[in-house]
């Protein structure tokens, strides 16, 4: 137990003379960054980040694993994930129909919190590390069982943008590194 | 015979027309006001300087600045794209605005901020002087007087817009006019005291051999520099159109091309002031000395380009300050300009008199 | 973390100090609740401020629709007194739902000003002698609905979705094939 | 009145008959008589220096005589919505009030529910929570600095604040899988374990940020222009700060010693050695300095967290109640991906009857949650008081008497964030 201590401080005072020095100091710093800029901008449509596998991107369904337990729909905080009922013939009793349920997703609402992926007892849902998918109309954003199973493709990657990744650096903060063909995971 | 005479006639006509156009272009009032350092040069410089300002600030700020419009030219054409966009935007005139001053003020402000350029010499060759010889003897006085005209129309814009932010903005502008004009003019006039002449030609000739007045009298140069910053609302004195406080100050109600004109006016004014500073402090067209009977190129174009190049450097320096400073509050700016800049200007004037006595 | 014993000791002390101004002291998770009659609210608040509770953290109104009352609570604590800062005390009073009139405590705790305005717009509780009782977050016509009351119900959606007509057919076909 | 979210019908409001208190008009639309020399300026909500709010100021010349903050432009009725949904669904809801401070905004909620459930997160989960909280705190301060910079016309500080925030956002993404809305703490623990090289990256980022803080000082805080704008502007005395109930750095800049991390240490904050800077002046400059000093201390905490995380590698990050009886698949996933799978009961979690109050120190100050459960799967009442909401009162009391140009300086120095205030 070492509780935090309160430390009283005062803002440093600056006189008239030293303010000239401070002006110069700021100007010199500006010039330093003018000549040696530190930039890590992502040139987005021409470059794209190869995201971590842990990234909570678009969600895809593996239909075979789904047991229709509704957990994902219950836990969805925005009502994006909802179940759809299907009637399929019951192999044991051909007279009665069997009802199966599968999740569907509305990407207009999804906030990618990943609760559905985490709560799924059979790992039937998983995240794809893709964050930029374009839909041509709003109706397409509601994905029913068929389209929900397809892994979305990032349009930038599909159009041949340069894959990059960021690595941490103690001097420059982040450094953008180009990923070569072989390196791709 | 007839064939030849027609040929010679055509040749004569063409050459007359060509030389007529050349003469017209290099006719001092036209050349100074429209070509260099006037409208055309001002536009090119302003567009380049805005581009430089954005790029320089971007380099300091971990960004790239304009790039998408022409990646190979480092985004230089972005400004032209902006210009085109401005010119196609709808110009909205508020119903409550006072229409005639609202429409005319931006253009008067633009024209008047260019006017000082039409009365200054950009070459020592006599035929290039835009004024008569007797008027030329007072060119510093005339140019300085003309620089004071355009702010009135900025105040008028704010008043005509009938918008609260505009009113506050033009109120700030009118405070600042009184604060910087005196310092700027006294700063430039300290040169007059040193050289004992109101003639820019004499002042520039005085500065031959690296004897720049800016080096001899740096206090006056600093005063004139800061006063220029204040007058053209450059950082850290971007006060009359402070975006986060009063939206766009006097220009709040302007849209489309009129807004573009307003934004350009500040830069054009900065350009005119930079040219004045170059002539007064930074050696004008020196070290180049044209031959006494020089023609259009050697006697007019080259010296004017030298002056322009120096002025561009001054402007670039002013623009770079955007990356380093925030903005002062209006009362602080007034405090600074009356207490420090004015004192600097007076000190520079005193130094100028002293040097005029000694040198 | 203040242990349970500490909380108990502190609530005993509060009881002693406030005497018969309060009708109930309860220890809840993270705060001590003291209940007082509506007529004694201002007096109790003044006393609490004298003890050293100098600011209001939250003006918490709970609509007890079944009992027909609003529970107006002020979560108070201290900035300047470090011993008191460890505790959060809720000063609670109840008012009938049909006549929600409470004396304002803004003049005692200025920090309650905006939060009382929020309670006013959400529940329609009128704070007597509040200097500036207007809605704060909501526009007046919305505030008139008193949306925080329990009888203003926001219905959540179900967890089923209907298939659109076309895909319904095609997926049925695929089901049969599979 | 019942609002059905599925139906497209909006409840009809009778606009002509409502009458509330004295004003019969929408805020800002009142007709008032003013003195001849005063006039009203509406700063916002579409003003470049206002954010999603409006400040109605009355000016006498250049001096503000009265300021009336008009909040609610981004009000999302979080308290009301919370009453209608399951406990776990509230986490992604409330974190949206301060997306750059998401962990700090949700942590007290999670803690309050944990108090009701009577459980505490395991050790490593606590360290992970602290790590994300401090990352968020620095990111929030940098964002605040950025906005502060642009309010003063200092565009470089704006870009630097936002540019360097990217490093912290990247760290948070590596830890949680999302850049901003992390939804990271959850009842009984956290959702993801730290990845392999997280602590190395953290240490690199700490070294970089220490270097940059020196740049900030040279470029912004010691810049004479900025100092001139901030020194002695918007002074809030110790007494006034207490009475107004200000929170966070703004309170500590006025000399009040209050920080939830010290007063009532939550999570693992009592295990770390750090200081809480308190400044005496109470002006805008002190508020800026307090944030810089706080970033330094946060970096210090993060350094210690990195060591602790290295020490507790491989430990459980979910409370036994939700982890002891999970099927083997869950443990397999955790070992392979570091991802905590949730028991299906989370979706219908019933919380025992009771009331809980929790407070934590978010980036902008103290954030408090009051939760009342009636034993069902939905809370009976959730009361959220966010730091910016408590700071909002300063617009009314700290601004009058200053010049129009001081308004952005004071606004920026308070680091006011409208979405957080409006909730």
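Structure notes:
We call the chains A, B, C and D, going by the order they appear; numbering starts again at 1 in every chain.
We adopt the following convention: a contact is a pair of C-beta atoms (placed from the backbone, for glycine too) under 8 Å apart; a residue touches a chain by one contact, two chains touch by 3 or more.
Remember, predicted model here, so these are calculated numbers, not experimental data.
Between B-D and A-C, more contacting C-beta pairs join the chains of B-D. Between chain B and chain D, the centres computed from C-alpha atoms are 47 Å apart. One finds 36 Å separating the Cα centroids of chain A and chain C.
For this pair, chain C with chain D, the centres built from the Cα atoms lie 20 Å apart.
Under the contact definition stated at the top, the residues of chain B that touch 2 or more other chains are 60-63, 323-325. Among the residues of chain C, those touching two or more other chains are numbered 156-157. Listed for chain D are residues 85, 156, 163, 219, 223, 257, 265, each touching two or more other chains. Taken chain by chain, the contacts fit none of the simple shapes, being neither an open path, a ring, a star, nor a full set of pairwise contacts. Per the contact rule defined earlier, chains pair up in contact as A-B, A-C, A-D, B-D, C-D. Partner chain D is touched in their complex by these residues of chain C: 1-2, 28-31, 33, 54-58, 60, 62-63, 75, 79-80, 82, 85-86, 88, 90, 109-115, 122, 133-145, 147-148, 151-157. The residues of chain A lying in touch with chain C in their complex are 70, 73-74, 76, 79, 82-89, 104, 139, 142, 144-146. Taken together, the chain D residues at the contact with chain B in this complex read 39, 41, 47-49, 62, 149-160, 163, 219, 223, 225-226, 228-229, 403-409.
If you check the complex, the residues on chain C that touch chain A are 156-164, 167, 170-172, 174-176.
Remark: chain A residues 26-27, 29-30, 33-34, 37-41 touch chain B in the complex.
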